[in-house]
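Below are two complexes that have chain A in common, paired first with chain B and then with chain C.
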Partner chain A sequence: MSTRTVSRPRALFDVYRTEARMAVARESQYRMRNVMSLVGFLTEPIVYLAVWTAVANAKGGSVGGYTPGTLAAYFIVWTLVRNMNVVFTPYGFEWRIRSGEMSGRLLRPAHPIHHDLAYFAGWKVVWLAMWLPIAAALVLLFRPVLHPEPLEIAVFAVAIWGAYLVRSLFQWLIGLVTFFTTRVAAIFEIYAVAELMFSGRLVPMSLMPRRVQTVANYLPFKSTFGFPIEALVGQLGTRGLLLGLATQLLWIGVGSGLLALTWRAAVRRYSAVGN
Partner chain B sequence: MGEPAVHVAGLRRIFKVPEREAGLGAAMRSLFRRRYREVRAVDGVSFDIEPGEIVGFLGPNGAGKTTTLKMLAGLLHPTGGEVRVLGEIPTRRRREYLQRMSLVMGNRNQLQWDLPAADSFELNRAIYQVPWPEFRRTRDELVDLLDLGGLVTKPVRNLSLGERMKVEIAAALLHRPDMLFLDEPTVGLDITMQKRIRTFIAEYSRRHSASVLLTSHYMADVEALCQRVIVIDHGRILFDGDLSTLVTRFATYKELGVTLAGSGVDLSGYGEVRSRDGDRVTLRVPKAETPTVTARLLADHTLLDLTVEDPPIEDVIELLFAAARPQA
Partner chain C sequence: MRALRLVALHLRVVAMYEMQYRVNFFLQLFQSLLATGTGLVVLALVYGQVNELNGWSRPELLVVLGVFTVLGGLIQAVIKPNVVQFMEEIADGKLDYVLAKPVDAQLLVSIRAVRLWQGVDILVGAAVMAVGAARLHPGPGVLAVLGFLVALGLAAVIVYCFLLLLATTAFWFVRVDTFVESFDGIYQAGRWPVGIYPNWLRLGLTVVVPVGFAVTVPAQALTGQLTWPTLAGAAGLAIALAVVTRVCWRLGLRHYSGASS
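Showing the complex of A and B:
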């Protein structure tokens, strides 16, 4: 074996690039599955959009400052954010452990999360290509009102990746429960409900009761949906935009720290079943 | 003498396994009070493996072979004892260690199912940080040695079991590990493929001075590759030594293959008749009596052929297990 003198960041970059390229190659083969998933993703925001547009119309043309046009913008951007924050779910951990695939990943000289981050990042290229025509159709259908500033566009571009990282880290954290119990579905259900309530996924956070908004400020979920969407469609202002990015950074730090600690305990408990 | 490639001392792994009776009542009771049983999967195992050595790790299902392999690879944390592989403690999972070893398990999990193996090879290049020139050289060498030819450009899902196993082994060796743990590498393969993989493992170890610890239920694998075997049962080592010593020590009989000039002769007076195939009879004779019985056979009958062999290694290991088990 020859000496490997490549620096760690460069080596990781190589892993990310290669894994992302493989994701594009693999997922491009499953166009129909990806289109179906995309259609599934669209159902959720279109229902929300229809409901809240009806509410806004019933209340004289706006609800909580949102008009049908800005609500359309919110939920169309929602579809992009949703595509961008698709991550490896805890259900996948159960399968990986039962099938023995996790053992294979643990034998590699790189933390398995890098492979998931890289793979799902690459997959987004395929999603994005499929999302663009659908987004165009939604724009024609719902006439969104959207006038982002260059700073908002720039912050949005960073925030969707921040959202991806925060969501990945916390779902990985839940996934690690499988190292202790091999079953995680129940905990993940709680996470999913909490995300629906506190993230801006169900509805813009400003339409939620004040108490829910306060609680949401102390949880990571808003960083994964509400903040990136509002960065583009809302009126956050420069301070709000930078605060949102800083909050994402904070949650990335918290998530990484918790993950590192849990990982150490999890690999000790790993029972390598499935082989 | 330098440091051994593998040093294992007093290795133990105890699993706590939930257990309950069958039926609804037992299921309901287990909701409130769960019973556990301790299973000593590996119970005080000690051995060393020298660099470049190929060792067969044998035992029945549930003997503790795979658990030991997983501990050596760093997948499982031992309950007790000491393990060092290539000078590293595997459970620390240091990158430097993981880059120098490979564990190939039965369920083959290196390859991306939907993509050609060439893509998985490239991913392994990136993961193991293999420089491009070395990667190309090793890949070409493996393609040549394992006769992979056009297989690496076909999606993995379109490969047969044997083809997939060959490609899987190649993927596991692209980073040229110094330590190779092979768990049933030839299981489910046809005889030709088994032979090819055996030849390849021997050649790989010779070329790269790699140590190999191999589990297999196919004794042909063990006989072809391993001078030394470690036999384990119920988590304890029953034998550690040369294959020839194992046979000498535990084979209490020899097998005589006798081809007679005429059929229908009763040879039961010479030993235990194990099989009869036309004029060919296989006799089992106590080792000490072999010369006498052979002489008597030659004197009493017209023989077309006579062979005196040790019993198959499977039978020898059976005898070893029988000797180790407490008598009822």
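Showing the complex of A and C:
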């Protein structure tokens, strides 16, 4: 098992470029299916938005510093961040292990995570093009209030890719569990609930009880939803913006480190299942 | 009578099959409790901010969450597995075997595939509903409970007809599994009373994809908010959908020429 052959930056860059191009070519064929998935993502934020708008109205126009207008902005930006946050899931790992597909991937010279990162990154380009008209419709329907400054836009543009990396790394880590058990549903669902509570996916973090907010500061989830959204929608200030980016960087470091450690043990455990 | 005997027979076969995989019961219970726990946390968050959401108190919304979970369990345990199997059989031509049998084909495709353990959701949902109902002041009377049972039955008919209707389009378009998959996402909107949604969406969740309506009406019955016109509307919708589904089913069968390869 040699994963060192493709470690030179140039060669790795080629892997990324080729894999991302393949993703664009392949996913552009299934336009209807991709549009349907994007539309499928919409129920979740629209439900949250409707509930919290009703709460804000019941409280006389604002809740946790959010008005119906800024809530609309929060959850419309949410849809873009959600698209960016679609990564290779542990269920995909389960399938790869059980079908034997993983064996082929292990034989490639580059670490398999590079292929996944590149493929999903390329896929994002297709989704982004399809997301734009959907976002326009949402803006017309929900009338968001959004006045981002240039710095906020710049940080947001970086932060959505940071969120993508953090979420990819941690879901990959959970995916590695399948090397040991081949069944991952229970663990992954606990992860999903934790993400819902501590990331800003369910509600803006300022609506959560103070204790939950404190716990969330020590977990990676906020880097994947709350921070990028608030970079654009909230009032983080220059210090908050840079701190958020640094936190993302920290979690990327932690995730990569854990992955490097677990990967060795996992590959040693691996025995081909499937046909 | 023959139909009932057939249902009982199929259920017995399903039970025998599922009893082989008893660990799945605990997995399902775990998932069910996790999902319900999340729902309860969200309710706590909302009612930490306000005492009433669009006229719904906390125990009333507990009833909504319960109905949502019960109906969701019914969909995942009975309706969806059957509908999915039916669509797959249209695609690969195996529906021929169903049509060759001497009973009504619609009945047969609706009772064959049942996921027993998914039914855990029905129990968990019923428990949530009972807790919510017990906290109501005044508690639901006999008439409210009767109305609730009728409305729940109507809701089951509405959702069954709607999903079968979607699946029936497979007679013409063959690959329609994405429609049925996206239903799962839309069903999540039923977690809250339709009244909280903006007008266009409320209309959509009542008429186009009637899930919001299906969950809200039984909950209204139990919490004493149901009016006769709404119940009559639900009955009308259920009957209309049942008729349309039956007609489309017949048309589809006439169109079906066996897709076997």
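Following the convention adopted for this analysis, the second predicted complex is superposed on the first by the 267 of 275 C-alpha atoms of A that agree within 3 Å, B and C clash if a C-alpha of one lies under 4 Å from a C-alpha of the other, contacts with A are read in each partner's own complex, and residues count from 1 in each chain.
The criterion applied here is as follows: a contact is a pair of C-beta atoms (placed from the backbone, for glycine too) under 8 Å apart; a residue touches a chain by one contact, two chains touch by 3 or more.
Bear in mind the structure is a predicted one, so any value in this text is a computation, not a measurement.
Q: Under the stated touch criterion, which partner chain does A:268 make contact with: chain B (first), chain C (second), both, or neither?
A: In the superposition, A:268 contacts chain B only.
Q: Now for A:86: first (chain B), second (chain C), both, or neither, which partner does it touch?
A: Once the two structures are laid over each other on A, A:86 reaches no partner at all.
Q: Between chain B (first) and chain C (second), which does A:38 come into contact with in this model arrangement: first, second, both, or neither?
A: A:38: touches no partner chain.
Q: Using the touch definition from the top, say if A:63 reaches chain B (first), chain C (second), both or neither.
A: Touch partner of A:63: chain C, not chain B.
Q: For A:258 in the superposed arrangement: first (chain B), second (chain C), both or neither?
A: neither
Q: Check the residue A:18 against both partner chains and state whether it touches chain B (first), chain C (second), both, or neither.
A: Touch partner of A:18: chain B, not chain C.
Q: Residues on chain A in contact with chain B in one complex and with chain C in the other?
A: Residues common to the chain A contacts of chain C and of chain B do not exist here, since the sets are disjoint.
Q: Write out the stretch or stretches of chain B touching chain A in their complex.
A: These residues of chain B touch chain A: 15, 66, 70, 73-77, 91, 93, 95-96, 98-100, 102-103, 105-107, 109-110, 112, 114-115, 119, 122-123, 125-131, 134, 175-178, 183, 208.
Q: Given the complex with chain C, which residues does chain A contribute to the contact?
A: 33, 36, 39-41, 43-44, 46-47, 50-51, 54-55, 58-59, 63, 141-142, 185-186, 189-190, 193, 196-197, 202-203, 207-209
Q: So in the complex, the part of chain A that touches chain B is made up of which residues?
A: Answer in residue numbers: 1-2, 4, 6, 11, 14-15, 17-19, 22, 25-26, 29-30, 99-101, 103-104, 106-110, 267-268, 270-272, 274-275.
Q: Which positions of chain C touch chain A when the two form their complex?
A: Interface residues on chain C, with respect to chain A: 27, 30-31, 34, 37-38, 41-42, 45-46, 48-50, 52-54, 178, 181-182, 185-186, 188-189, 191-192, 196-198, 200-201.
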